[in-house]
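So that you can tell them apart, the chains are marked A, B, C and D in the order they are listed, and the count of residues begins at 1 in each.
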């Protein structure tokens, strides 16, 4: 197969899963004829036909709600929400139904569906095209949340998400879509949900990040002895990998784009101060978005955690 | 006035504010003729008429969205959402608009509105009548989140919320509605937003709670030397009061009903491990809901943090 | 270049059986005497279940309950027009639908006693758990219908919701999508005139809910919801159309909620006794009984027998529901995901819920 | 007890000016020659603004932009029918509306350059910032209109949205509520036939968007959206009705998006050149020009003059927009709340954004 970018890797995962399982269907706005605004579903309508790839009306609540019925009936819908900022209309369907139908029916009905959506700052598009609201979904028992960071794990994680028996929110960092290329084997392989990856080993500071911020962190750690953890799955969290790393390093810096207050970084910091406090040599720092609305294009780079801000945090924890 | 319960205190606050400011209007399902399913708005339609108290169609998205237009135009809408579990359809309007219109228009337009909703486990009603999703709103820059715990602060906080220039989510613990009574002065007084209250002074453990869980905590602390902080405002957080207390006690236990993962307790724990870690003598513990959907009536008491579970946490931190 | 009419539309109301029990032979659905009796007995059973649920609630043996009295024809007339393999998506006020499907009564009691196990739907039943958030179940029906169509199954999805539900976005988006894909789904609006204290006239400025269908390019009709035959006929036609690929239908059952909204409500705060009395005379059971009497299908003794059988069945169900063991706290966590998460295993231990 | 018709409804289409520029005198709105010229000039200005925005984007001097070419009559014809104090709630594709309101052009450029200050609406303008999430602005208009009514102000709210927006719950809930309270609001659907790659025919199975009005018990009409006079007339009538307390109207402007969805889109992937060409001949500016020529209101020289004035105004606006200083990072935080929170003050310090 050779080197692919994330758009191509996801497209390949979708194609292979649709080949493998006739119950996998794709629906969303502009996913068919147009191949999706990021071209992630390009060619799939032509290949699998309009029964498997549905161009829907402009109706986020409706298509997510309908997917719940489809999933309960026996399909495996993969919904595309054009941008995360437009998923909010569907939050009730995800939280009140997708996340609860298994428990509500004591297992009689389940909801194996995937909601894919481009996420984060990245393409200088208009307002609400740069959202990082992963914490909402992380606070919903019954859903899983996944964020790839490379073409390799993008494919492997999406395969796992599609095969998962429960609803999975699959967040695709727009900034990385075409920015990273890597070897992506064709055919069978899955990156398991619920497992973080130690992206780089190190001894003095544990850095936890995901998606775009993983790459930011990699720029920043140079000159420090950092262990970088790529969460991959934000919920359920791979607590063990984080805690073991912190027990080793005694220092933790978490990086995310979303506003800091009640972001996922808070949970990770809380987890560590609950389970590994005695190992901590320095305060746990979060490098995250400020308490503000994500700005439009002109200011978005200022909003986003920069390598410089991450470096500052690393220096700070090293003072202890 | 004498002793009132929380329902009466909120009703009084609404009446007095409507008296004071002709721009204050109430809208929601069954808030008029019926006086609200909890009777919080009882008598207001009769007193202020159908131009000030609007019985709306069953339309959470619509009434919250309409309130944004009303607020921008110059009214001060106080919306009632019948139960927090039904506010999810309005999340997009709150997050994408109410929270952003000031910043989007660089201050030309603002959104001074209050969304009141009964919240938490308490009345053994059907599914989705016992939600504790405060963390969603806490993660939205541009909104404020308030939870009263007594009739006194219920009135004072609501007055402040109505007078606030920004959107305020006002969460009313159903379990406390008629369970607590206290002196509530008539007329002018406001409990400021953004200030927590040290409900009880103590030296060895800081216990942070709000709403129903404040009362649970009070049952549990007996026999321990606890400083109990009633947050009152969940966003923006009174960081100073929490940190000063932890610097004094060196131990922190946070109690909330919501599922633990990415709940507000995580933010408080993270804040402390960032700002006051060196003062900590023990791990920061969160006593919260498990990773599960809030169950129906038969099991709701098991789900909710019990005095026993809180005690266990207090004992645990005292081992350090 | 004129002001020209580009579309014309009519909305119809169907009544087959009048309040005196006279049926219009031209409109009568083809039902055997046996089927008519079965329907009557289901309506009696539903009403018996309902009144016992209300008294159990008063005795503190059951939680908040939403009464269906007055809506038996709307619920049972429509449910009986579906095949066993068709899927049903009910709201929280659909006891009659469960009864018509032969759903184990003790499970329905169990559910209203606040126990999720009541909605652990038996494998041979194709009904979704009741949806508490109003209207949110409507898109599920559209999705299931789409799945049936995509899989080439000749099945139909039917979804129940109220007049209040018609004001929500879910209603709109779900029906519009169903229209676009011609999904085999029947939208059954139980217009019982009230959404708690809000009358239909304040729910929308439109004359009927049925006329919304035109805005989605689908079939629509209003039926007398207290007329078993009208409801059955309209639903059967809609189901047949859906099954044969002709797309969705919106049916407005014009009926009335005779009791309080739920046991937690006091309807006397917002509606008059006169209004309720007037509708009490339109009782759907009474109407079917009058018809059957004329046909010689209903006799004093048959009536007694039917009441007795219903009472016995309901008694048995209550005994079963109450004898059933208490729920296991571990189940709070156990059904969240297909497998327990690490955190959940820890929580089960910490909470002492391990088995 | 029959199958009886209980409601009849007709949907009309209004055209005043045909493609040859012939107007139906009986339907012509009462506009002075001066007003017609003003309208034409606004349309020219809007188109000039639009084409310059597109070229700036290609040169990398402006961000993603949504072209309005082809929709000038729909936008300007409706906006000019409103009074200065009426409130407007636009979507992201409403440059023509801003132009018609005399909104400072340089601010619109600024906005599309990715700068919030472009939507710091001048105090004498009553237009909301563009709404990016499709359809979400519709409830705001209903609310503002309700506020106008409650305060006894004789004003009207007008909201613009597309054909795609009509599939969303916001559309439904906002219009239904407006109907119930007879709020003074005009719902202006810019049906430009496409929602990115999704054609109107796949957006809903209904023949028209206008016929949805019947489902809400409000007035509705479809107008030729490339006919300035038809749009103006229908909007004026709706605005007058609203202002005099007769409630809301849904107007479907039947028009066409001649360019790509946005500068990030390539429409050739999903629609034919033939279709676009056909609509190019229905150009709303051309049509108004033909009419004015016949009336002697348009001459070569007048046309040149109008183009020149527009070009100069747009040039000036671009210069202004580009000369304007860079935004202050502190503003990211500064406008979140009426006052800075403690955390925000700390963040301003940590980020070195304090002034």
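We take it that contacts are C-beta pairs under 8 Å (C-beta built on N, C-alpha and C of every residue); 3 or more make two chains touch, one makes a residue touch a chain.
This one's a predicted model, so the numbers in the text were calculated from it and none came from an experiment.
Here A-C and A-D were compared by C-beta pairs in contact; the pair with more is A-C.
Most remote chain with respect to chain C, judged by CA-atom centres, is D. For this pair, chain A with chain C, the centres built from the Cα atoms lie 39 Å apart. Work out the mean CA point of chain B and of chain C, and you get 36 Å between them. One finds 43 Å separating the Cα centroids of chain C and chain D. Touching of two or more other chains is recorded for residues 116, 133, 167-170, 173, 176-177, 180, 202-204, 331, 336, 341, 343 of chain D.
Each of the following residues of chain A touches two or more other chains: 56-57, 59, 61-62, 85, 88-89, 92, 96, 103-104, 127-128, 141-142, 236-237, 261, 291-293.
With chains as nodes and touching pairs as edges, the resulting graph is complete, every pair of chains being joined. The touching residues of chain D, when paired with chain B in their complex, are 87, 89, 116-117, 119-121, 123, 128-129, 131, 133, 136, 138-148, 150-151, 157, 169-170, 173-174, 176-177, 180-181, 331, 335-338, 341-343. Within the complex formed with chain D, the chain A residues making contact are 29-30, 32-35, 37, 55-62, 85-86, 88-89, 124-129, 261, 290-293, 295-300, 302-303, 309.
Contact residues on chain C toward chain B in their complex (touch as defined above): 63-64, 92, 113-116, 132-135, 164-165, 167-170, 195-198, 202-204, 264-265, 269-270, 326-327, 329, 331-333, 336, 341, 343-344, 347, 351.
Residues of chain C that touch chain D in their complex: 1-18, 22-24, 27, 167-173, 176-177, 179-180, 182, 202-208, 211-212, 214-218, 222, 224, 227, 247. By the touch criterion given at the top, residues 61, 85, 88-89, 91-92, 95-96, 99-100, 103-104, 127-128, 133, 135-136, 138-139, 141-142, 235-237, 258-259, 261-267, 269-275, 277-278, 280, 282-286, 291-293 of chain A touch chain B in their complex.
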